[in-house]
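Look for chain A in each of the two complexes below; its partner is chain B in the first and chain C in the second.
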Partner chain A sequence: MSEIVLKNVVKAYGTTPVIHGVDLHIASGEFCVFVGPSGCGKSTLLRMIAGLEGISDGEISIGGTLVNDLPPRERDIAMVFQDYALYPHKTVFENMAFGLRLRKRPSAEIESRVREAAQILQIDHLLERRPGQLSGGQRQRVAMGRAIVRNPKAFLFDEPLSNLDAQLRSEMRVEINKLHKRLRNTVVYVTHDQVEAMTLADKIVVLSAGRIVQVGTPDEIYNRPAAKFVAGFTGSPPMNFLPCSIDADGAAILLDGGIRLPVPQARRAVCSKLAGRRLDFGIRPEHILAEAVGSDVATVPAHVQLVEPLGSDTLGLLRIGTGEITGRFAPEAPLSAGATIQAGFAMNKFHLFAPDTGDAIRDPGW
Partner chain B sequence: MAGATDMKLGLGRKKTVWIAAAIVAANGFFPALWILFTSFKTESELLRHPITIVPHDPTLMNFVRVFVDQPILLFLGNSLVVAGLSTALCIFVSALAAYAIVRLRIPGRNVVLSVLLAVSMFPLISLMVPLFQTMRTLGWLNTYPALVFPYAVLSMPVCTLVMASFFQDIPGDLENAAMIDGCTRLGALWHVVVPLAAPGVFTAAILAFVNAWDEFLLALTLSSRVTSRTLPVGITLYQGEFAFPWPIISAALIVAIVPVCALIAIFQERVVSGLTAGGVKG
Partner chain C sequence: MAAAKKYKLSKLERDERRLGFVLLAPAAALLTAVVVYPIAELLANSLYSFRLTRPGYRFIGLENFTFALFEDDRFLQSVLNTAILIGVTVPGALVIGLGLALLANQPFKVKWPVRLGLLLPWALPLVFAGLIFRWFFDYRQGFVNWLIELAGFAPPQWLSDPHLAFVALCIAIVWKSSSFMALILLAGLQTIPKSLYEAAEVDGASRFQQFVEITLPMLKPAIVVALIFRTITAIQTFDIPYAMTNGGPGSATETMAMYIHKTTIDFLDIGYGSALATLMFLISIAATSVYLRHTKRDGGRN
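Moving on to the complex of A and B:
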């Protein structure tokens, strides 16, 4: 059992609070990813779990043990750092063996565990080298090897792939995923890369300004964001937002510029309760269609301002009424800058947010 | 055109650096060479006119006299013990102090650094009377601790500053990794920081050792017995009441310089990188 539980965890530097009462439960064997913009407190929270930062209030327990006052070495965790943090004066073997040596494990056991971990990570031919003689990807593998060799209760990853180039990052992402599926240890992983978060996580924790905004599966975070912040943070390009109001019977959403979007029958009951309120209408780029076809699709005249072909798909910057939105289209979509098209809005996919709080307004069935 | 001007400026700058380096080297080496040549001269050659620089009739007799006239091996042993122990103590305490200054969130960190710098500027003579009184009260006069502790303390400010400048270049995550691997904070200092800051540690150690090795005033005041004298004080015993045997004294000085030169030669590579690496962030 290696669950991690945070209860009302607070961190303050002097009188300045940076983490405001975080409650979180990470189940044993779960892969939990902290995401959020720079300065949101995700790395601080990870370092508090590691014991590298003290906590000002609350409780942290790992595997059922309260670890508030335990130093990092007694928490039975391993951590992989953004800049690898390999000991430059030790060989790869000694880097990986260091934790076991400090725990006074027998030499034979150290030898076999290091070699086994090195084989898993395919770095067994590098054991006699020093970190300075390795490439970035190899160093990252060694850092992971140093973590897995101790078989700790939990792995903590602090933006481990951010120093790698795009191709290597994608390879290492797959490696980490495979490693987790093989070892099944609890993982807490900090990143600002949404692709890493979406592909690796069992659970995503979205943080903003030292608070948890939403905890959920990747699907929940992407498709049912609890707040405008989450919707705007996930997806690339992110969700489009346009100010709107709802007509008296909830049958249509009215965008600025006199655009009327009919609401599908299934969503009208909720919308009718919001009649007359000013709201933010949200729609993901992939839910905007270059041609208005299919049911529950609202047709909107859109002026194409910019076309960005990405190969696999094409991004189009569209002016709709008084606002601008980005759509993600198939590469063969008939888009050309300066033209006016009849864009389709998939109205069974839209989101509504309260402009003052940013909270999502939704029915559980949406 | 601009490139040619830049190249000219570069060459001019190189010349200036070489000339400056030559002046510094000459200033440092000339007295040492003079003493080396003198140690091989006879007294009559030393007094001859015109003055000779390289000995015309070199002799090793002065070195024989150095070992016969006074117990120089005893002085050498005393100096080694005193300088060695004071260096070890100084490095141990300075490493801890430097680490605390660099890594711990100490309020008034800059004040501590300024005080350290100020303390290192204290004239030694002003400490003489209180130190003598303290050592006499402790009953340490003419013993090794009478010199070991003051020498260690006197070198601590500069050693702390040297090591602090090296420690701060070591990424904090290395220590964090060590603490997660199983080290205490002091364990991380010992296993990770000190080995990585080895050039700085060696530089500080050599500074402390040379300071202790060369020191005269305290050694003369706190160790009056022949048996407890260190080399700088012991060398004064070669001076007679009416005579001043320069060739023998020069030979004794060469004997005194050899261990320090050997020490620096052994650690030269680390010291050179130590003297340059700490000051410039790469």
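Moving on to the complex of A and C:
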């Protein structure tokens, strides 16, 4: 068992708290991704799990052992650093063997474990090289090799792909995914890249300003965001927001500029309770359709401001009433800048947020 | 393989090159006047019998050199003295300098007192340091003997005993030069990324193991540079023994540079002094070439 449990974990520098009481349960074998903007405390939280930062209050346990006061070397974890932190004066083999050597494993075992890990990561031909002679992607593999040879309770990754170029990053993302499917270790992975979070995670933890905003599967985070912050952080381009109000019987959402979006029958009960309130209406770019077809689609006249063809899809910046939104369309969609189209809103997919707190107004059925 | 076509420089490139030579000329002239000419003059004088106390300027070939190397015991003694000072004070300053550098590299809240403490011995003029230590080891008024007497022992004659004078000199030189070592090593320490220590900590290394496995190997280039720099300057050791013992008792603590100084300035033997200076110059070149070879190899590897 190598679950990681955080109970009311606090980090403060002097009197300034940077992590405000985090509770989290990471199951054994789970791939957990901490995601959030710069400075949200995700790296600090990871380093607290690693033991590289002290804990001001609360409890952290790894595999059932309370580790609050244990130094990193006694926590049985391995970490992959953003700059890889390979020992430049040691060969790849020595880099990977270092942890085992310090634990006084017999040299035959070290040899076989390093070779096995090197084979998994396809770096067995590099074992005699030094880090300075390797490319960025190879260094990244060595850093992961150094982590997996020890077979620790948990792997901690601190933005491991952010120093790689875009293509290598997506390659290594796939590698990490395969590696986890193969080894099934507990992983805590920090990134600010929502694509990494969505593709790798069993569980995503969205952090903002030292607090957890939402914990959920990638599907929950994307489709049922708990807050405007989460909705605006996921997806590329992220969710569109427009100020709105709801008419008296909950039958329609009224956008500024006199636009009326009829609410589908299934959602009316909830909407009717919100009648008269000012809210933020949220809708993802892919739920805006170039042609109004199908049921539960509201038709809205939209003025096309800008068209961005990406090849696989086309993004269109649309002016609707007094607001601007981005839609994601099929490449063959009839869009041209300056034209006015009848855009369709998939009204069974919209979200509502309280403008003051940013909290999502959710209903279990949505 | 086909012969590569050789392209001529364009007019623009030729003009640029000419401008380059013109701009270099003043520096080249200055270097010739203050470096090349004195060295040439020194080499020339070393081949002559040339004493200001006696008339005449007579070519004697390598006679000055053969005398120095095979007959002049005082010169050989000064070479040995210098070698001993190098052998003791360079490693001594390295060990103490490394300790100071590690101390200064600690995350102190207020950094300047430590940095100042490091810089002060380095910034102090050599003769001044020599005078301080001369008083320090003074038989009657010295701080060291005051302590020894306080502890109830008989005070030794530090500077007039040949062996103790060496000990006192070594202490003074180590004190003076370890701050230089420390500064170079501190610069080296600060280039070691913090994440290496974190990785080592996660890998399971204790503080001591981190020092042996990370700090020392990562610091090796800085250590080599510091050692070579210090050795080259130690070959020329002059000021501190001059101020503390003036080579005494007798010529027991006389260094090469001091003997050259005495030969030339006190005995006014320009020819012989030049020959001795040439020998010291050759030794310095040998040490420098070790350094150059080291840096070259380093450059080739990276």
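Some points to look at:
Just so we're on the same page, the second predicted complex is superposed on the first by the 366 of 366 C-alpha atoms of A that agree within 3 Å, B and C clash if a C-alpha of one lies under 4 Å from a C-alpha of the other, contacts with A are read in each partner's own complex, and residues count from 1 in each chain.
Heads up, the rule we're going with is that a contact is a pair of C-beta atoms (placed from the backbone, for glycine too) under 8 Å apart; a residue touches a chain by one contact, two chains touch by 3 or more.
None of these values were measured; they are calculated from a predicted model.
In the three-chain model built by superposing on chain A, chain B clashes with chain C. Once the two complexes are laid over each other on the shared chain, residue contacts for A:G132 go to chain C alone; chain B is not touched. In the superposed model, A:L317 makes contact with neither chain B nor chain C. When the shared chain is aligned, no partner comes close enough to touch A:A12: not chain B, not chain C. In the superposition on chain A, no contact is made by A:L168 with either chain B or chain C. Within the superposed three-chain model, A:A333 lies out of touch with both chain B and chain C [touch as defined at top]. Looking at the shared chain after the overlay, A:R73 reaches both chain B and chain C.
Using the contact criterion defined above for the overlaid structures, shared-chain residue A:F98 touches chain B and also reaches chain C.
Shared interface residues of chain A, touching chain B in one complex and chain C in the other, are 50-52, 71-73, 77-79, 81-83, 85-89, 98-99, 102-103, 146, 150.
Against chain A, the residues of chain B that register as touching in their complex are 171, 173-174, 176-184, 187, 191-192, 195-196.
Contact residues of chain A toward chain C in the complex are 50-52, 71-73, 77-79, 81-83, 85-89, 98-99, 102-103, 132, 146, 150. Of all residues in chain C, only 193, 195-196, 198-206, 209, 213-214, 217-218, 220, 302 touch chain A in the complex they form. Residue ranges on chain A touching chain B, taken from their complex, read 50-52, 71-73, 77-79, 81-83, 85-89, 98-99, 102-103, 146, 150.
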